[in-house]
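Working notes, beginning with the structure itself.
Chain lettering (A, B and C) follows the sequence in which the chains are written, and residue indices restart at 1 in each chain.
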Amino acid sequence: MKYIRLKHTELDVSNLIMGNMRLAQLSLREAETLIRTAMDEGINFFDHADIYGQGRCEERFAEAIQMNQGIREKMILQSKCGIRSKENYYDFSKEHIVGSVDGILQRLKTDYLDILLLHRPDPLVEPTKVAEAFDALHRSGKVRYFGVSNHNPAQIELLQKFTPHKIVANQIQFSLAHTPAIDSGIALNMGIDQSINRDSSILDYCRLHDISMQAWSPFQHGSFEGPFLGNTEKFPELNKTIRSIAETYSVTDTAIATAWITRHPANIHVVLGTTNPQRIKDACKGSDLSLTREEWYRLYKAAGNIVP
Amino acid sequence: MKYIRLKHTELDVSNLIMGNMRLAQLSLREAETLIRTAMDEGINFFDHADIYGQGRCEERFAEAIQMNQGIREKMILQSKCGIRSKENYYDFSKEHIVGSVDGILQRLKTDYLDILLLHRPDPLVEPTKVAEAFDALHRSGKVRYFGVSNHNPAQIELLQKFTPHKIVANQIQFSLAHTPAIDSGIALNMGIDQSINRDSSILDYCRLHDISMQAWSPFQHGSFEGPFLGNTEKFPELNKTIRSIAETYSVTDTAIATAWITRHPANIHVVLGTTNPQRIKDACKGSDLSLTREEWYRLYKAAGNIVP
Amino acid sequence: MKYIRLKHTELDVSNLIMGNMRLAQLSLREAETLIRTAMDEGINFFDHADIYGQGRCEERFAEAIQMNQGIREKMILQSKCGIRSKENYYDFSKEHIVGSVDGILQRLKTDYLDILLLHRPDPLVEPTKVAEAFDALHRSGKVRYFGVSNHNPAQIELLQKFTPHKIVANQIQFSLAHTPAIDSGIALNMGIDQSINRDSSILDYCRLHDISMQAWSPFQHGSFEGPFLGNTEKFPELNKTIRSIAETYSVTDTAIATAWITRHPANIHVVLGTTNPQRIKDACKGSDLSLTREEWYRLYKAAGNIVP
């Protein structure tokens, strides 16, 4: 397992993250097995959100590992807020952010989060209010560091202008079958669909400003349209290429799909949302597997992208 | 009526603006009624352009209110130049800008503009020439402040690099049925049409740099394709939702369409281009009507947009 | 011939560049004639790339003019590296960049390049490694100045953050029939295809940061889909308009297509990739032909673009 010191923090985190979006679907025993597997593999970074299972995922997590101070200190805990899921809108008001964190801490049975992410950008954001929320949460010791998810450069700049707390992370969708963050940059100024800007250069922006990237849905394509691994109907060439490279390294396809992300010099973290312990083990083999440039590009092209 | 101090200026302006694009279609008496209605409602901000009615709108305005120093000082007057409408091209040469302002002042029967906007970005702009024009206009007292219209961030930066005069405003198309300035930012990095970048984050950029936003065509959709209010064929869900919220507040649909814009924390000004005095009165009810976050998002979604 | 002092350099270069992409298709004698024609016309700027003809274009160039110190010093030589053409991927590793330059110098029979461009952006770039390569190449006297090709603003910023060597040039595709670098900027925030951001404001960014622009394929449309000059089937209006303006100035259509680019105040260099000496002569007539604003826009619109 590869560990990375997050810039502007004192956190040394594994480059794989256990994502707990689906934990409420598991029994307590299954959940415990899953978390223990992750920890045994060296994962020390756990991702939550207040809306996952309407809070039940965070609860299940704390129960499953019988949260206590000893185990808490072995973990880097991250959660997210800012979405009102019932009415489906975003709310970056001070009251909502501060109140949400109280709920998160209660459910996770802990006194503090290592990182709080704002889940999706609120067009009605008042950055001074977010700054007040961050101040209050930091001063009270409830949150150590702050970040965002699904934010573009201008949105981050607007937040950062009004708060002294460095935005340290940005979690976006990224996988071999979902690469807007690469596509338009490699094909600037062309007439093809790939050249259409959908990413506002978010990956390069984050590299420039020491903002750690995290990849959600690392094995999925589209908007929750399912896994591309094993989907040989829609992704025949990609699966064939993954298989061939997996054989070279004697690892699983999952490891290669993971390694394609960890190979990127931006040190992108991979959020594993699987509920299958074996898949976690497989993915961990990709944590420190350094694909060659040629292999990385071969996979990118096999996913249907153009390298002009 | 809500008033806003424009940043980097000494101007306290109403958040609704009377737009005079169609004034030449009215008789002198109708024009006077329209302007008096706006002023009686508290509007003190008037938007023009040299090309509206080929100059006849500015003339009609000055005639209709029998422009004199007393009334002039109650108004914030803004006009635009930079389009050569006969041949349909843009011209940001020093000569054209300076000459255009002389024409504007003559037609408006005033000595000065409060704000001059460059109407549409000229790809052949030489920013040092624009800077010379701004200097000359400011030194002679003909223009107090400068802004732009339909400009993107890089275009503004290029201008700003060469002039000490702060760009204080940017007027773009914005309405419940025309929201590119919101759409891609809320749906970063997705495969859907909404995620396509057409706005270069102009709204967040202007917030970051204290540039006041103004919304033209606040009740229209597409490129002058007509009003969405009452167009229940193309916008059934939107009109239904507007109606329902209008009933809650006991105001007209026009007030709600206005309030959706004024609710935004960027303090976006609404340019009312209507020739109907009653519609001005209706819109003014939305000047200071603060929709809830939930209502704002409900309207945005009813217009056909996705909140991921 | 118009000459331009490249900012942040001591280079005075012609605004037309001879591009040597197809030189390997010519006999030694034909190649010599072509190069002599360019030089006789006043062109002193020559563009290469290590991959053109798999290196044979650079070789042919040096042989054709019997490269020696006397002739070398009359030239500004530019080449590019960073593409591994056999396997079709990009490689900005220090080893690859430094090794590529050694090959270029050997083939061109010279001790130094005036400008080295990174050919296409490598998503796996490690900017500190590029910086090391630039340092080594500059210290050894092998490269005087550095630039890029087909790079967007964020990619340039990422490189520039880690190297003290100023990025002085960016070469992108640009012609009357290929204008993404103009299109979205002139039509911000609209629903039409032209408004789709494919260029990340690269042209304005380069103006802002004193990065010289170079236009490749100045007479082509699409992705190497052929010339638009004379293609009256696909570009009837454009060819008619070019013809009409060419008659006004008593020059060829080629001169007008060239002048449309050189007219831009960004001082865009035109890379002539033709193998036809007469076409070089024709193009040179456009080097210093200053189209009026009206003509420039008329041509832009005749190419099918909207000026809103």
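FYI, contacts are C-beta pairs under 8 Å (C-beta built on N, C-alpha and C of every residue); 3 or more make two chains touch, one makes a residue touch a chain.
Here the structure is a predicted model, which means the values were calculated and not measured.
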Graph class of chain-chain contacts, one of line, ring, star, complete, other: complete
Numbering shared by both copies at the chain C-chain B contact, with half separating same from different: different
Separation of chain B from chain C, taking each centre as the mean of its C-alpha atoms, in whole Å: 40
Multi-partner residues of chain C (each touching 2 or more other chains): 153, 196-197
Chain C-touching residues of chain A, taken from the complex the two chains share: 153, 182, 184-186, 188-192, 195-197, 201, 204-205, 207-208, 263-265, 293-294, 296-298, 301, 307-308
Partner chain A, residues of chain C touching it in the complex: 84, 87-91, 93, 120-121, 123-126, 150-155, 157-158, 161, 172-173, 178, 180-181, 196-200, 202, 222-223
